[in-house]
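First chain A sits with chain B, and in the next complex the same chain sits with chain C.
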Partner chain A sequence: MTQTALNTEAASASGKQVLLDFALQLADDEFLVGHTLCELFDYSGPSLESIVAILSLAQDELGHAAVFYELAHSLGGPTEDWAIYHRPPEDFQSANIAHNRVLDWPMTVVRMALYEHADAARLDALNPTTHEKLGDLVYRVAKEERFHRQHWEAWFVRLAHLPDSRQNVVRALAEYWQQAIDVLDVPDAAELEAELGLDAGALSPPALVDRFLSGVRPLFDRADVQLPAGNPSTWLPGAHSGRRGAHDAAFNEVIGEVRAVHERYPEGRW
Partner chain B sequence: MRTIRTSKAPAETLTPDGVREALRSVEDPELPVSIVDLGIVHEVQVTPDRVQVVLMPTFVGCPALDVIRDRVRERLEEIAGGRTIELEYKFRPAWGPERIAGTARKSLRQTGVSLPMLDDPGGPDTDAAWTRVDCPYCGSTNVVMDSPFGPTLCRASYYCQDCKHPFERMKRL
Partner chain C sequence: MTDQAPQSERSLHEGTALYYVFVQSKKGGRHTHVGDVWAPDSDLALLFAKEHYARREPCVSIWVVPHDRVVASPPEWEEWFQMDQQKRYRLPNEYPADKYIPRSSAQFIQEAYGKPSDGSDGADNG
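The block that comes next holds the complex of A and B.
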C-alpha cells in the first residue's frame, strides 16, 4: 500500500469518528431537550393547550433523538438504550442548554426559542450534505423543527409584549444567549465538512453563528427586544459548551433522573 | 405461531396492488383511516421470494410508528406466501397531507379534523387551500390557532370563534 493510500485511509477513519461524535451531539441534544420538556407536564404551563403542545413537541424531539442514535449506531456507536442508560456521563456530547432547564415559563420559552434557532442554523448548514443517511434525516427533521420554532416564537413574542413578563424575557436572554451559541460547537469542523461533502467553512463556528443571528434577528424585531449587549465578533461557541464531557453541575442530576427507573427495574420494558 | 401460507395460489399471483389492497385493513392507531389512504405506504415491490414495503412516517417522533410497523408485518405475513418480508421507514421523500386520499379526508373531517378537501376550488394542496382554515363543525373561517401542536404531532389545535368549538387541523409539511 502506498503512503498516500495509507494517509487517505487514516483521514477517513478519523472523519468517521468525527461524524460519529457529531451524530451523538445531535442525538444527545434532542434527547435531553425532549426529556426536560416532559418535566414541564408536572409543573404545568400557562394553559392546557400549552401543556399538550409541550408534550407533543417533546415527543417529536425524542423521536429525532432516536433516529440520530440509530445513525450513530450505524457508524459504530452505541445502541440508543446503551447510550442513554449505560454510557459514562462524560461521554455525552450534548450542549449544556439541552439539559439546563428552569421550571419557569418565560425561562423555558426563551431557552427553547434560542435552542431551536441554533438547531435550525446547524440543520440548514447540513442541508447540502452528500452523506445520504444524514441528509435524509436532516431533510425530514428540519421540516418538523419549523413547527417547534413557530410555537416558541409565538410565545416569545407574546411574553415580550406583556409588561409583566417582558423583563423576565430579557433576563432569560442574558442567561441563555451564550448557551445557545454553544450548541454550534461542532467537533472538528474542517474534518466534518470533508466527511459530509460540505463546502469548506460551512460548519465553521463564525459561519454557524451568522446563520443563527440571521434567524433570531427577525424574531427579536417582532418581539421588540434588543440583541444582548456585547461585541458580536465574540459570540462564538466556548470551551464551556458542555460538549466533550465538560458539562455543568446540573448535568449529573438530570442524567440521574433519566436513569432512575431503568436502574431500579433493569428488566422493565415500556 | 401464525400460519404463514394458507394456500399456494394467491401467493403466486401476489402483486404490488394486491399488497396495497391487503394493507387497507391496517388502520392508523391515532386516526380513523387506513394507512393506505393516509398515504404512508410509499413503495411496494413483490418478487418470487420477497415482499418489500417502504413506509413513510407522518412525523419522525410519532409514537405510532412501531405499532404500524408491527401491524403491517402481521398483515404481510398472512399474504406473503412464505416470501421474506422487508419493511422499512424512509425519510425522503417526506410524507405530507397531500398524500391523503379523498375518502380519508372526509372521515377525518367527520371526526373534527380540518384539512383541505379534494373538491376545494383551486385544488386541495394550494397555498390558498391551506391558508383558508375552516371549522369542521360549522364551516366558519372565523378561527384562531391555539398551538401548532395538538394531541398528535401531525395536527395543530384551533378554536372556532363562531361555534366556540376547539378543533384540529392537519399540518402542511
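The block that comes next holds the complex of A and C.
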C-alpha cells in the first residue's frame, strides 16, 4: 500500500468519527428538544389548539432524532435505545438549550425560535454535502423544520407586539442568546471537509453564526426587537455549550425523567 | 367572531375565532372540510390546521375559512332536504359514459379525480 493510500484511510477513519459525532449532536439536540416540548402537554399554553400543534412539532423532532440516531448507528455509534436509556449522561453531545426548558410560554417561544434558527444554520451548511445518506436526511428534516420555524416565528412576533409579554420576550432573548449560539459548536470542520465533500469554511463557527444572524435579523425586524447587547464578534460557541459532556445541572434531571420508566421496568416492551 | 359560540366554549376560546379547515390531498382534487380550529388570527389558524389535520395524511393545500363568513342553509331546510320523491330518473347510471366522453377527457378526469366510479358502489343501483 502506498503512503498516499494509507493517509487517505487514516483521514477517512477520523472523518467517520467526526461525522458520527455530528450525527449524535443532531440526534441528541432533536431528541431533547422533542422531549421537553412534550412536557408542555402538562402546562397550559395560550390555547388547547396551540398545545396540540406544538405536540405535533415535538413528534417531528423525535422523528428527526430517530433518523440521526440511525445514521450514527450505521457509522458505528450506539443504537437509538442504548443511546437514550443506557449511555453515560456525559456522552450526550446535545447543547444545553436542547433540554434547558422553562415551563413558561414566552420563554418557550423564544427558546424554540432561536433554537430553530441555529438548527437551520447548521442544516443549511450541511445541505450541499456529497455524503448521500446525510444529504438525504438533511433535505427531508430541513423541509419539516421550515414549518417549525414559521410556527415559532408567528408566536414570537405576536408576543413581542403585546405590551404584556414584550418584556418577557426581551428577557428570554438575553437568557437564551448564548445558548442558541452554542448549538453551532459543531465537530471539527477540517475533518468534515473530506468526509462530507463540504467547504470547511462554511462549517466554521463564525460562518455558522453569520448564517444564524442573517436568519434571525428579519425576524427581529418584524418583532421590532433589538439584537441582544454585546459585540457581535464575541458571539461564538462557548466552552460551556454542553457539547462534549459539560452539561449544566438541569441536564441530569431531564435525563432522569427520560429514563425513569425504563429504569423501573427494564424488561418493559411498548 | 366568537359571538355565536356556545356559552361553555366562550371563556375557553376567549380572544380566538373559529375557522373551518379544508384540506386538499392532491393537486387538482377538491378541498374537503376536515374539522375546525380556534385561533387568534388567520395566519395562526393555517399553522394550527397544518399540525392538526395535515401531519399524517397527504396534503398539498389547506384553506381556513372564518366560520362567520360561511353562508349556511337555515336549520329548517334540514326537513325540506328529506327526499321523499324517488330520484332515480335523475341518476346517470344507464348512460354509457365511456362511449361518449373522448378518451383524452376521460383520462384527464381520471388523473385529476382518481379512479372513475364503475357504478357498482352507488346506493341507488339495486
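Here is the rule we go by: the second predicted complex is superposed on the first by the 270 of 270 C-alpha atoms of A that agree within 3 Å, B and C clash if a C-alpha of one lies under 4 Å from a C-alpha of the other, contacts with A are read in each partner's own complex, and residues count from 1 in each chain.
Definition applied: contacts are C-beta pairs under 8 Å (C-beta built on N, C-alpha and C of every residue); 3 or more make two chains touch, one makes a residue touch a chain.
What you see is a predicted model, and the numbers here were worked out from it, not measured in a lab.
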{"item": "Superposition on chain A - do chain B and chain C clash or fit", "value": "clash"}
{"item": "Partner chain in contact with A:147 - chain B first, chain C second, else both or neither", "value": "both"}
{"item": "Partner chain(s) touched by A:49 [first = chain B, second = chain C, both, neither]", "value": "both"}
{"item": "Touched partner set for A:137, first chain B, second chain C, both or neither", "value": "first"}
{"item": "Contacts of A:239 with chain B and chain C, given as first, second, both or neither", "value": "neither"}
{"item": "Which of chain B and chain C A:67 touches, first, second, both or neither", "value": "first"}
{"item": "First, second, both or neither for A:249, with chain B first and chain C second", "value": "neither"}
{"item": "Chain touching more of chain A, residue-wise (chain B, chain C)", "value": "B"}
{"item": "Partner chain(s) touched by A:13 [first = chain B, second = chain C, both, neither]", "value": "neither"}
{"item": "Partner chain in contact with A:158 - chain B first, chain C second, else both or neither", "value": "second"}
{"item": "Common interface residues of chain A - those touching chain B in one complex and chain C in the other", "value": "49-50, 52-54, 56-57, 59, 147, 150-151, 154"}
{"item": "In the complex with chain A, residue positions of chain C that touch it", "value": "12-13, 16, 37-40, 43-44, 47-48, 50-52, 55"}
{"item": "In the complex, chain A residues that touch chain B", "value": "49-50, 52-54, 56-57, 59-64, 66-67, 135-137, 139-141, 143-144, 147, 150-151, 154"}
{"item": "Residues of chain A defined as touching chain C within the complex", "value": "46-50, 52-54, 56-57, 59, 147, 150-151, 154, 158"}
{"item": "Residue numbers on chain B that touch chain A, as the complex places them", "value": "57, 59-63, 90-92, 94, 146-153, 156-157, 171, 173"}
